[in-house]
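Read from first to last, the chains carry the letters A, B and C; within each, the first residue is number 1.
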Amino acid sequence: MRLTYLLLVGAPLVAALVAALVRPYLRGVGVAGALLSTLSLAAALRLAGQVLAGATPTWGPSDMMRVDALSVLLAVCVSFVAALAAWLGPGLGRDEHYTPAQARRFRIFSSLFAFTMLIAVTANNVAIMWVAVEATTIASALLIPLHVSKASVEASWKYILIGSVGIALAFVGTVLGYFDYVHLAGERESALNWTSLMAAAPSMHPRVMALAFVFIVIGYGTKAGLAPMHTWLPDAHAEAPAPLSAMMSGVLLAVALYAIIRWKVVVDLAVGSALPDRLLLVLGLASLAVAALSLVGQRQYKRLLAYSSIEHTGLMCVGLGLGPLGAFAALLHLVNHAVAKGMMFLLSGRILDRYHTTEMGEVSGLLRAMPVTGGLFAAGMLALAGLPPFGIFFSKLSLVRAGFATGHPWLMALVLVLLLAAVVAMLAQINRMLYGAPPAGVRVGESNRWGLVPLVLCAALLVAFGLGGFGAFQTLLDRAVEIVSR
Amino acid sequence: MPLPTGYTVAIAQTALALLLAPGLVGLIRWLKARLQNRRGAPVWQPYLELRKLFAKEVVVSSNASWLFRVAPFVVFASTVAVAFLIPVLAVPSPFDPVGDLLVVVYLLLLGTFFLALAGLDPGSAFGGMGSSREMTVAALSEPTVALAIFALALGAGSTNLGQIVARTMADPAAAVSPGYLLAFGALFVVTLAENGRLPVDNPATHLELTMIHEAMILEYSGRYLALIEWAAWLKVLLFFSLLGNLFVPWGVATVLTPSALGWALATLLAKLVVLAVVLAVFETRVAKLRLFRVPELLAVSFVLAVLAITVSFLVR
Amino acid sequence: MDSAFGQLTVLGSSLVLLCGLTLLWRRGSAAHIGAFAAQSVALAATAGLIAVVTGSRELWVVAVILLGLKGILMPILLKRMDRRFGGPRELEPYVNTATSLVIGGLLVVLAYIVTWPILDVSRLPTRAGMPLAMGLIFVSLFVIISRKKALTQVIGFLALENGIALLAMLGTYGIPFIVEVGVFLDALMGFLVMQIVIYRIQETFESIDVEQLNRLSQ
């Protein structure tokens, strides 16, 4: 089990080292990186199997690292999207819009990015988790301006400044939690372990923990893209290169939410779930509202996808505030969203490469110019909009049921109205993009056919999740929900 | 309770303050001159100025109203009233029930207000300009006086100045507490602002565009001018006594015996000289701030006072 | 606070907070860098004081790192950056100086209200300074959102980190060493990355006025 874990986190680290050491950039480095990412994914799946069999392994001095059902669920998501990005990122194929130097930068930092995210979700020590989340900001901030332009530089500045400020506030929350624990138990070394915090939670001071949770939610919520701290997100996710956006939208937001979830479980025990639930509901609803209103009249497809990420994160947040059933909906949504958004951003990368424009008004005839890409793009849009048979439909349904079950009928009505607005806004644009004739100068016919294979796999997964999913996945999900709603 | 002696001491204290004030300002001017490598007028020059002004004829603008003639008396009277309420020499004063922090602030503000009105009254351009500037400065500095002393009052449990002094003498460690230091900083900046010293206002300037206090009193002459100048100098002495006696209260007489009072006089003179030196050096070093920067400086002192209160509140 | 130790730590915390308020008062970059350096030195001194009284070796190391990294190294790097693309003195901030200072004072009062429950819990003699640390956190946040120059925003962020470090020191006499090291590394890396991004901004926009970063507005 230790070996599996080392493979999980070590593979991306090795990939980053390899890319850093090899100068000038060789195609083999990219291939090695892609293979290592697959290895990481395999390790994650293996760990998932072990956790399902009943183990919750821990490693490191004073049990710094620990894997339980929730961790492994997210680890699988992270490694999956990271593998997607590695296989479809710059530096592998012949049809390239990136210089070797850019490809090398991408390989180094995207692997580091994956490494830090994996550390964050498998850390028992909440401070290590914090350090890892901060490191994700640093690793990804340098990649956003891969193509240097005024817009991308502006986006990366906003990202790193707002992200770092948010993370700093999350640290204040962490310090306050530590402060409370130390005044109860006095011990130091394992004081920041989530397991220790859980054990001490019932006797912690409610007001201090409530204050800590407010800082945690605002801090990690900034990284998750919750309104009103979301202002960096549309810019950063739209200006970043497609594989990076896939990772950021798909899994980084999920990792930030994971951090909030870990703390929420502790605070629920210390303060009771009324305050945390209400806080999450308010922020989730605000994010939904902001996203829905911004989606209307959106003109660029990458920004459209970015605002959609805010919308979905808001939904997940609302779900987390609605008790166990809502938590189930949120986690199911998390997995589906990771796959769907990853796929969509990578597809948008292909569209950008072909059409050379990010304006939706200038993209037309997608189905004729790139049939498979267009078809997958349409499927992804339908999935994100929450239409059956895709998994997101079921997670939204569960969410609404949870809302009614916990006595928030009006809230659910509002959520449904906002969702409807978002759906209409997104689907209205897709027609124009798909049909008609492609503009002059755009080549017809798919290029890089092999690159489509992983994306088709994603779409298949989305349908599979919707149609009932895999038994093992269900069990894992149930176990994770158990952890969240203790 | 030696009642007559109490009132006697209070009156004597005020008379002493009135007597010393011109000397104090003369000392400051002399020190500044020496620091600037000049001979400077002798320390008793302000006394001679007062004598000269009282002998001179009063010239009043034809546009001036009754306010113009009344204002110097109001200003002088209010400043003298403040002298009764501040613990210059002795702490147990018969005016203690009235000697409240807020009363002191109001009296100071009364003087400032009337002076500003008097600047406006003759209808001259310089007077109006000086008055508006003075009110800007006063609006920002008066609250700070109250807040800074309030921070000390929080520790003493009463806004009575005598009690604040007594409390600090009883608990010496409090004098170096952060609350006290912050309040001192705030009060020092306010002293500069209220008395028209650098960097807020240059008391020696006669350039029209840089005057504040001088501009308001430009129309005055003769005994009116004497009263106003004397009141201004008295204000300097009173602020110095506040700074000295609230923050370094040792020496202030707690009993009204001749030896205690004599010792109090000696320490008062010492504190005044020290503060005069500090002020002279500070004024020589610092340049006058441009007018729109003055609110920034006063905002700093305001924040220092707020901080002083916050920190003192915790100490409690 | 009766004990001398408590008084001194509150004094140190007040100095740290006052340096933070100086960021709102003064306008030039040189003044800001100087205020940040002074703040870090005061923070290191407070850490050293706590280390002396509690006998914690880890805190000594923290104090030394604070002094070296934030008191000396970062100001040098900041000055170098300022010389390279300083541009004019701080442009008129979004909120004028006097109002900023008043808001800063109110933020300190707010911090005091927010940390009231924490003061009830803590039994350490250093607890009186915790609201000041929280006040610094709020004031630094305000500096970041109300100033226009990218360099000032970075200094505001570094001051924010100082505030958090002070809070940790006063509340729990520091945090576990390995975490402290991780935090320092993160801070350093973050700072370097910010430097690189500012360099990029200067290259593409030819100024580090954040107002220019307004292309992405939809």
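To be clear about the criterion, a contact is a pair of C-beta atoms (placed from the backbone, for glycine too) under 8 Å apart; a residue touches a chain by one contact, two chains touch by 3 or more.
Note that the coordinates shown come from a computational prediction; the quantities given were computed from them, not determined experimentally.
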item	value
Chain occupying the most central position, where position means C-alpha average	C
Dominant chain pairing [most C-beta pairs in contact]	A-C
Length of the line joining the C-alpha centres of chain B and chain C, rounded to whole Å	37
Distance from chain B to chain A - Cα centre to Cα centre, in angstrom	64
Centroid spacing, where centroids are CA-atom means, of chain A and chain C in whole angstrom	31
Residue ranges of chain B touching chain C (in the complex, touch as defined)	173, 176-178, 181-182, 295-296, 298-300, 302-304, 306-307, 310-311, 313-315
Residues of chain C defined as touching chain B within the complex	1-2, 4, 7, 10-11, 14, 17-18, 21, 25, 97-99, 101-102, 104-106, 108-109, 112, 119, 128, 131-132, 135
Residues of chain C that touch chain A when the two form their complex	114, 117-118, 120-123, 137, 141, 144, 150, 153-154, 157, 160-161, 164, 167-168, 171-172, 175-176, 179, 182-183, 185-186, 189-190, 193-194, 196-198, 200-201, 203-205, 210, 213-216, 218
Chain C partner contacts - residues on chain A that touch it in the complex	125, 127-128, 131, 134-135, 137-138, 141-142, 145, 148-151, 153-158, 160-161, 164-165, 168, 171-172, 175-176, 178-180, 182-183, 188-189, 191-192, 205, 207-208, 211, 234-235, 238-239, 294, 298-300, 303
